[in-house]
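Paired with subunit B in one complex and with subunit C in the other, subunit A is shared by the two complexes that follow.
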Partner chain A sequence: MDALDGNAIAGLLHNVFSSEMTTATGTCATCGSASVVGELMVYLQAPGTVVRCPVCGNIMMVFVRRKGMTCVDLTGLAHMAA
Partner chain B sequence: MSSVSRGFRGRRRDVGGEEGRVPPGQYVTQDFPVLSAGPTPHTPHDQWSFSVEGAITPRTWTWEEFRSLPSETVTADIHCVTRWSKLDTVWEGVSLDTLLGQADRGGMFVMAHCDGGYTTNLPAQDVLGGQAWVAFGYGGQPLPPEHGGPARLLVPHLYFWKSAKWVRRLLLLDHDMPGFWETYGYHNYGDPWREQRYSGD
Partner chain C sequence: MARAAVQRRLTWQLATVDAVTDETPRVRTLTVGVPGWPGHQAGQHLDIRLTAEDGYQAEREYSVASAPGEPVAITVERLDDGEVSPYLTQELQAGDEIEVRGPVGGYFVWRPEDGGPLLLIAGGSGIVPLRAMLRHRQQTGSTVPTRLIYSARTRQDVIYSAELMELQQGDGVDVVLTLTREQPPGWDGHTGRVDAELLRELAWPAGQDPLAYVCGPTAFAEAVSATLVGLGYPPQRVRIERFGGTGGP
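For the complex of A and B:
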């Protein structure tokens, strides 16, 4: 299945971080590559939203919408600079 | 001529008597939506194998060995936690009774490991007794990669995230551990009839 790019989660990221994030740079905790959020690989067609590193394919972020809350896992993200 | 509108009922999609077959909060779809948390692996048959490990005598089958095992045609209704259900899906697969053997697995758990890193956990009791298969065929055709081919788990009595696509390895455990979506707050067991979508449901 084809991934979308990070622009597909612009609204979701804005809700979570209260800021425009698609031009931020995220660094993958697995391979260390820095990528603009808009270039990340996004899988929306799943029980949650899974965001992967475009270089190594490992998971950088997971978002699960649950009972009005968005649960966020950023353990695959070394850091993010807006 | 009646002056009263018949009202908005929506289009009925009665698939051979849906009543009593659609769990709460689900709708019936004729499509087969593709859900995935990552890229679709395309593992060639000559590089594919299936293993059972952990608290069981370890065993690995090549594709040819796996396909020579007795298989069954299974007709089942499937229920995705994203609220679609699909009725009367027809699969071909090898029963987990064949792959795990007849030993008593009471109190044990199975962790399914897949190409791409996906995992999901199930009680061993739920995959034995003719309740679960490793499916390699769908609708009379080889299972397409986007639906989990070469082979996926089929556990139709639980939400379909438990029916892990691209399954390659079953790890038998004497304790339970959460799999991928279970770690993120999805229900540990996932019974669609009790609407066990999230932990605490």
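For the complex of A and C:
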């Protein structure tokens, strides 16, 4: 499965963070690289939505929908700034 | 504060399909009336949610195909194994209702003040957000030099064909089509993929500080953007949007 990019989850991110996030900058907790969210690697076919760092490939964010609720794991994200 | 303007809660709402237009045998444009639509920028998306009788829901993001200020439209390519696109392209009719939310996104967006020269490169239905940009450019009277390179499988797969030909005739927009799977009799356009050779010939030289938007299937978008960077485009001047359809460039 090819990776998409952060643009593909603009609606999901807006819903979770209540703001347009694809132009924000996310910093990877693994390698420290800062990337525009629109350029992060996004996998929609995983169990849930997996967002990876385009530099080191480690997981930055995971979103799982469960019983109408979105569960969010941001442990791979050091920092996010609009 | 400017931030306040973007902090808008996204909610699903019912929209009415006002018109359906067949673009190609596999592609259809849906014009939808969304009550209270706050307006969109060229390149933004719209989310669509379908709910089955058993409650199962599927959501997809589609690029808005129309320019800011125009009625909201999306252009959908039918993927035969898709969950959503067969319904949108074959069953939905004018007068029907669908759930939408948006607009969303902001990275793959062009505003006239972003300038150019603009290089728009589309693979397959990746033309959709670029078409919104082209219409917006025209609508605002922008004179930014603009070149569109659009790769489609066959002549029949070219979306917005008549509109693009019209643009080519008058408006300071170069439209370059390349066909990857056929060479029809009398075809005087390009054939084959958008590769380094084609881009060396047709991309604005990096010295002109061009701004590139590349939209297409992941492999297409990554190959094209890597080639542009190889030609000297700074990565931050190459905006990419990948999509996952199987339609192909």
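Note that in this section the second predicted complex is superposed on the first by the 82 of 82 C-alpha atoms of A that agree within 3 Å, B and C clash if a C-alpha of one lies under 4 Å from a C-alpha of the other, contacts with A are read in each partner's own complex, and residues count from 1 in each chain.
Assume a residue touches a chain if its C-beta (ideal position, glycine included) is under 8 Å from a C-beta of that chain, and two chains touch if they have at least 3 such contacts.
Fair warning: this is a prediction, and the values are worked out from it, not measured in the lab.
Looking at the overlay, does A:Ala82 come into contact with subunit B only (first), subunit C only (second), both, or neither?
Once the two structures are laid over each other on A, A:Ala82 reaches subunit C alone.
After superposing on the shared chain, does subunit C or subunit B touch more subunit A residues?
Per-residue touch count on subunit A favours C.
Looking at A:Ala46, would you say it contacts subunit B, subunit C, both, or neither? Reply first, second, both or neither.
Only subunit B is touched by A:Ala46; subunit C is not.
Looking at A:Ala3 after the superposition, I want to know if it touches subunit B, subunit C, both of them or none. Which is it: first, second, both, neither?
In the superposition, A:Ala3 touches subunit B and subunit C alike.
Check whether A:Val37 is in contact with subunit B, with subunit C, with both or with neither, and answer first, second, both or neither.
So A:Val37 only meets subunit C here.
Just checking: does A:Val62 make contact with subunit B only, subunit C only, both, or neither of them? Give me first, second, both or neither.
Only subunit B is touched by A:Val62; subunit C is not.
So, A:Ser18: does it touch subunit B (first), subunit C (second), both, or neither?
A:Ser18: touches subunit C, not subunit B.
Once the two structures are superposed, pull the subunit A residues common to the subunit B and subunit C interfaces.
3
Considering only the defined contacts, which subunit A positions touch subunit C in the complex?
2-11, 14-15, 18-20, 22-23, 36-39, 44, 82
Which residues of subunit A touch subunit B in the complex?
Where subunit A meets subunit B, its residues are 1, 3, 41, 43, 45-48, 50, 52, 57, 59, 62, 64, 66-67, 71, 73.
In the complex of these two chains, what residues of subunit B are touching subunit A?
Those in contact with subunit A are residues 33-40, 81-82, 146, 161, 181, 184-186, 198.
Write out the stretch or stretches of subunit C touching subunit A in their complex.
Result: residues 3, 6-7, 9-10, 44-45, 47, 59, 61, 101-102, 104-108, 217-219, 239-244 of subunit C touch subunit A.
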